[in-house]
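The two complexes that follow have subunit A in common; it is paired with subunit B in the first and with subunit C in the second.
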Partner chain A sequence: MSWLSRPATETQITHGGRLWLYAVAALVMIFLVVPTLIVVPMSFSDSQYLEFPPRRWSLRWYANYAGSTEWVQATFTSLKAAFLTMLVATPLGTMAAYGLFASRLRWVRPVYVLLVTPIVVPVILVGIGVFYAYAKLKLVNTLLGIVLAHTMLAVPLVLLIVTSALKSYDMNQEMVARSLGASRPRAFFKVTLPQIRFAVATGAILSFLTSFDEVIVALFVSGGANSTLTRSMFNALRDQIDPTIAAISTIMIVVTTVLLALAQALGRQRQGS
Partner chain B sequence: MPAERANADGLRRDALRERLALFGLGSPALLLVLVVMVLPVGWLFSLSFLSDEGALSLEHYRRMLEQPSYARIFVTTFQVSALTTGICIALGYPLAYVLSQLPRRAANLCMIGVLLPFWTSLLVRTYAWLVLLQRQGVINGWGIELGLWSEPLPLVHNLAGTLIGMVHIMLPFLILPLYGTMRAIDRDYVKAAANLGAGPVRAFWQVFFPLSLPGLFGGALIVFILCLGFYVTPAVLGGGRVIMVSNRIATDIELFFNWGAASALGVVLLVLTLGLLYAAARLVRLDGVLGGHGT
Partner chain C sequence: MARGASLPITIRQVTKGYGKVLALDRVDLDVRSGEFLTLLGPSGSGKTTLLMVLAGFTRPDHGSLLFGEEEVIRRPPHKRDVGMVFQNYALFPHMDVAANIAFPLKLRGTPRADVARRVEQALELVQLGGYGARRVDQLSGGQRQRVALARAIVFEPRILLMDEPLSALDKQLREHMQIELRRLHDRLGMTTVYVTHDQREALTMSDRIAVINGGRIMQVDAPRPLYERPANRFVAEFIGESTFLPVAASAGGFAHAGRVLKVAAPPAATGRCLLMLRPERLRILAAPDDALNMLTARVEDVVYQGDSVLVQAVLPDGCRIGVRAVSTAAAMATVARPGDTVTLGLAPEDTVILGEG
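For the complex of A and B:
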C-alpha cells in the first residue's frame, strides 16, 4: 500500500487520493478499445444471434463469407481500388510535397491549403459532387471513378506526412550533391528520397487505408460489379444484423492492424535514423 | 560592370525558372483536387442558385428558411455536435491528463489504444456498437442478467446510440492535441504553485487547467466541426430518427432527386464548416490536429 500513499504529482496529492481519476481514465480506455475488439471473438460464434462470449465456436460465418460471390467480389474491388489509390496518391502527394517545399514561392501557401482541404470538406459533398460529375462523364460504377475520388482524398495525407519529414531534412545535402555534378532529379532520388522514404511509405500505407475504409463516396459512385466492400457492408447494416459482417469486420481489423503495425515500425526506424 | 549585371540577371532568371519547375511538381495533385473536388462542388454551388426550371433564383434557400423541417435538421445537427463535443471533453480530459503524467514509454503504449479506434474502419466500429447496443445485444443481455434493469433499454436506433458512436469516433481527435499540449506544460509551474501553498485542487484549476486550454480548445473545435458533416453514424446508429444535414442531403438525392435542395443544404454545410475552421485556424495551430478520414 506504499504506492497509494506516495505523492503522485508536484502538489503532494497521493495516488490513493486520486484513484478515482485512474478509474475514470481506465474506463475511457476500455470504452475506446474494447467495442472494436469484441467483434473478433463474436465472429467465431456458432449462433445466429451474436452473443458474447459465444457458447459454441465455429467458422460458419467465415464459410458464409467465402461462399458468397457478392462479398468476395466486393472485397476484391476494395483491394484493387485501395492498391491503385496507393499507387497514384503516393507519387502525386510526394511530388507536391517536395515541389512546394523546395520552390519557396509566394503562392505555395494557398496551393498547400487547397491541397489539404479534402480532409475537412464534408465527405457527403464530395460524394454527391463527384456523383453529379461522373454521371455526365459516364464514370459512375467504374473502378477508375472510385480510384480518382479516393486518390483525391488520400493525396492530402501523403502531402502532410512527407512535408513534415522534409521540414526535418536538411535541404543543403541536395545542394552538395548538385554542386558535385548531380542533376536535380538524380540528387532527389539518390540523396533526398532515401532519407524521407519512411515518411513516403507511411503515406502509402495510409492512402491504402483511406481508400479501403472509405464509405460515403463509394456509396454514391460505386455499384454493380464494382461495388466496394464498405458499400455492401453499409447496405447490409441498414437491413439487418448479419453475423457474416462480424467475420468481414474481423478480416478488416486484421488488415488494418497489420498495415498500421508496419507504419508504426517504419516510424520508429525513421526516428532512429 | 554591365557584363556582371547581365550575369546576375541570368542567374536570377535561372533560379526563378527552377523554382517554377519545382512548383510545377505540385500540378498533378492540384489538377486532381481541382477536377475531382473543386469543379464538382462548384457545380453544386451553381445548382443551388437555380430554380427547377433553370432560372436564377434563391428559392432553395428561401424554402430552407420557410420550412420548419429544415430548421429542425440544423438544430439537430448543432445539438448532436455540441453534445458529442461536450461528452468528448468530459471523457477525454481525464484520460489525456493521466496519460500526460505517465512515463513516456507507458504513455506511448496507451496511445496505441487511443489510436486503434482512430484507424479501425468506421463501419466496423459502427457495426460493433450495433451488436453491443441492440435490444438483444450484449449490453442489454448483461444488464438484465445482472439485474441492473429488467426491460431491454432502447440504446440504439435513437439519439443515445448516435451519440455513443460519434463520441467513440471523435475522442481521439480531442485526446491527441490535448495530450500534446499537456505534455508540453512545464511541471515547474505546478510545483511553484504547490510551494506557494496551493492545494492539489487549486494548483490544478488555477495553474494547470488554464495552460491546457489551447489544446482543449483546438481539439474541441475540430471535434465540433467534424461532427457537423457526419453521415454514417447517424444513418446506422440513429436508425432514421436522427437526421443530420448530411443525411438529409443524401435522402434529397437518393429518394427525391432534388439536386437544388441538396445543393443548397450542402452550400450551407460547407460555408459553416470552412467558416468555423477559418476562425479556428486564427485561434490555434491546426497542423497537428488533422489527419483522420471521412466519417
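For the complex of A and C:
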C-alpha cells in the first residue's frame, strides 16, 4: 500500500485525496516565509547594493554594522527600550489580569475591553495620538517616551496571555492558602504566581518583542540619540539602499525567532504542568 | 497529634445582604467547644455564607463573632487560625503532598525538623503514611480529600471548618469518609463546623445540626430530636420524608377525621396545626389496636425498593401518604396489594403535631 492511499485521519480520507490541501499549505508557508528570509542571503553579499541572488559572498556588511557608532547606538536604544518595556508591562499586565479575574465588580468587562484597545486601534493612530500628547509633555525623542508608548502596546498582550492562564486556575486555592495563614500578597506569590509563571514569562518575552520590533510609534516619538534600531533602519532604507540593512534584518530575525521559540516552549510547559 | 485545645464560637445577629436579598438574617448561633456542628440547608439557604463569615472571607453587614472570648469579626482570614477544607479540595498542584501539608507550618515558622515530623504524623492520621512524595495529580479523589484534611489540621487549629467536603466522592466512599471524619474529630477534639445539604450525612456525623433556610436558623438540635420533633414544617420536610394532615383543635386535644389523637407529649403549637406522618413510623395493622392512633386508607401502589417496601395509600379525604415496611420474605408474603383497604397505626410517641407555617 503506497503512502498516497493510506488514510490521513480516522476518516476515509487518504493522503492522496489531501494532496491539494498539502500544496495550498506549502504555498501559504512559502509566501509567508520567503519574503522574510530573502534578506538573509542578501546580507552575506559582497555587492554595494541589495542584490539577489548574491554573486559573491562576504561578511563586510556585518562588519560595517558593528563598526558604525550610529547603528550600535540605535541597537542599544532598542534593547534598552525593549527591556524596560518588558519590566513595566509584565507586572502591569499581570496585575490587571489578576485583578479582573478576582474581581466580581460589574465593570470588569468594560475595563478589560478598554485595556485591550491599544492592539485593536490602528497603530498609526496610536502613534499620532502619542506624538501630540508627548509634544505637550516634552517626551518626544526620550527613552521614557518610547518605553511608555511601547508599554501601552505590550500590556494587552500580557493581559490576554495571563487571563487565559488564569481561566484554568482555581481561586479557591488562594482562599485555602489564606485560611492556612498566608496574607493575601503571600498567597498570590506562593500559590497563584507559581502556577501562572509560564504565562507571565511568555507575556514578558512578547512584551520585549513588541517593543523591539515596533516601528510605527517609534517613527513618531523616537529620534536623535534615542532613535530605535527599527526607526534608523526605516530612515536608512529611504536615504541609502545599503546591504547593512539586510545584515541588521538578519540579526533581528534570529533574535525574534529565538525569543518566539522560547515563548512557544514556555506555552507547552504551561499546558504540561 | 494529640487531642488539642478547642474554642467555642458565638455568633450574634450576623446579617449579610446581597442587594435586596438577605443571605443571612440576624443569625444567632452558639457552637460549643469541641462540638461537631453541621449547618444543613438547601442551596442558597445561607449556610456557605455563614461558613465564609466564620472563615473571614465574607464580612457581614453587622453582627458579632466570638472565638472563645475574642471578637474576630474584623480579623482577616489568615489571622483567624482556623483550618478549612473546601468542596473541591483546592490542593496546590505545584507542590507535592508533603509540601501541601507543610504549607501552614512553614508560614508559622515551624523549625524544619518539626515540619517533617508533623507532616508525617498528619499523613498517618488520615491513613496516607508514606504518600508525602506523591504528586497531587497522582492521587484519587478520596486521597485528595484526606490530604486537604491533613493540611487543614496539621497546624492544630482550634476550629475546623468544612464546606461540603465529601460531595465530590461516590456514595460508598462518602459514607466511609463520614465515619472516618467523625472518628478523627473525636480524636482531635477541635470545634468543627460542617456544611452540607445532605440530611443523612448531617444525621450521621453531627453532635448537633443547625437547619438553615432563607438566611435564618430554623432549628438547632441533636439529630434525634431534630428528626423526631422538628420545630416546623420546613425542618420536617427537609429532613426525612413526611406528609402532613390538617388537624383541628378540639376539647380533648387535636383531632383528625373526628378522632382525637393520642400524643405522648402535648404539642406546643396552637391554632391551625398539622399532623406529621413519616412513612417508616406508620405500620399496617393486622387488627385494630386502641393503644395507637389509627387511620384507614386504600392501597394504590406497592413499590419494592430492596431494603424496604413502600406502600402508597390514599386516605378517605384524598391525602396521599406513604408507609414504609421491612422487605423480609415473611413481610413480603403478606404485604398489602393495590385496592386493599388497610388500617394504619401510629404510636403516640411518634405522633407529632406542628404549627402550620
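A few remarks follow.
Everything below uses one rule, namely that the second predicted complex is superposed on the first by the 247 of 273 C-alpha atoms of A that agree within 3 Å, B and C clash if a C-alpha of one lies under 4 Å from a C-alpha of the other, contacts with A are read in each partner's own complex, and residues count from 1 in each chain.
In the analysis below, contacts are C-beta pairs under 8 Å (C-beta built on N, C-alpha and C of every residue); 3 or more make two chains touch, one makes a residue touch a chain.
Given the structure is predicted, the values throughout are model-derived calculations rather than measurements.
Clashing of subunit B with subunit C is the outcome of superposition onto subunit A.
Judged by the number of subunit A residues each one touches, B leads among subunit B and subunit C.
In the superposition on chain A, no contact is made by A:Val162 with either subunit B or subunit C.
Judged by the touch definition given at the top, the superposed model places A:Asp170 against subunit C, while subunit B stays out of reach.
In the superposition on chain A, A:Gln195 makes contact with subunit C only, not with subunit B. Applying the stated contact rule after C-alpha superposition, one finds that A:Ala81 touches neither subunit B nor subunit C. Looking at the shared chain after the overlay, A:Thr256 reaches subunit B, while subunit C stays out of its contact range. In the superposition on chain A, contact of A:Met42 is made with subunit B only, not with subunit C.
When the two complexes are overlaid on their common chain A, residue A:Arg186 makes contact with subunit C while staying clear of subunit B. In the superposition on chain A, A:Leu266 makes contact with neither subunit B nor subunit C.
Comparing which residues of subunit A touch subunit B with which touch subunit C, the overlap comprises 184. Interface residues of subunit A, counted against subunit B in their complex, comprise 8-13, 17-18, 21-22, 24-25, 28-29, 31-33, 35-36, 38-39, 42, 49-52, 92-93, 95-96, 98-100, 102-105, 107-108, 111, 114-133, 148-149, 151-153, 155, 157, 159-160, 184, 209-210, 212-217, 219, 230, 233-234, 237-238, 241, 245-246, 249, 252-253, 256, 260, 264. Residues 55-57, 76-84, 86, 88, 90-94, 103-104, 107-108, 148, 151-152, 155, 161 of subunit C are the ones that touch subunit A when the two sit in their complex. Residues 18-20, 22-26, 28-30, 32-33, 36-41, 43-44, 47, 91-92, 94-95, 97-99, 101, 110, 112-117, 119-132, 134, 136-138, 141, 168, 171-172, 187, 190-191, 193-194, 198-200, 203-204, 225-226, 228-229, 231-232, 235-236, 246, 249-250, 253, 259, 262, 266, 269-270, 273-274, 277, 287, 290-295 of subunit B are the ones touching subunit A in the complex. The touching residues of subunit A, counted against subunit C in their complex, run 170, 172-173, 175-184, 186-187, 190-191, 194-195, 273.
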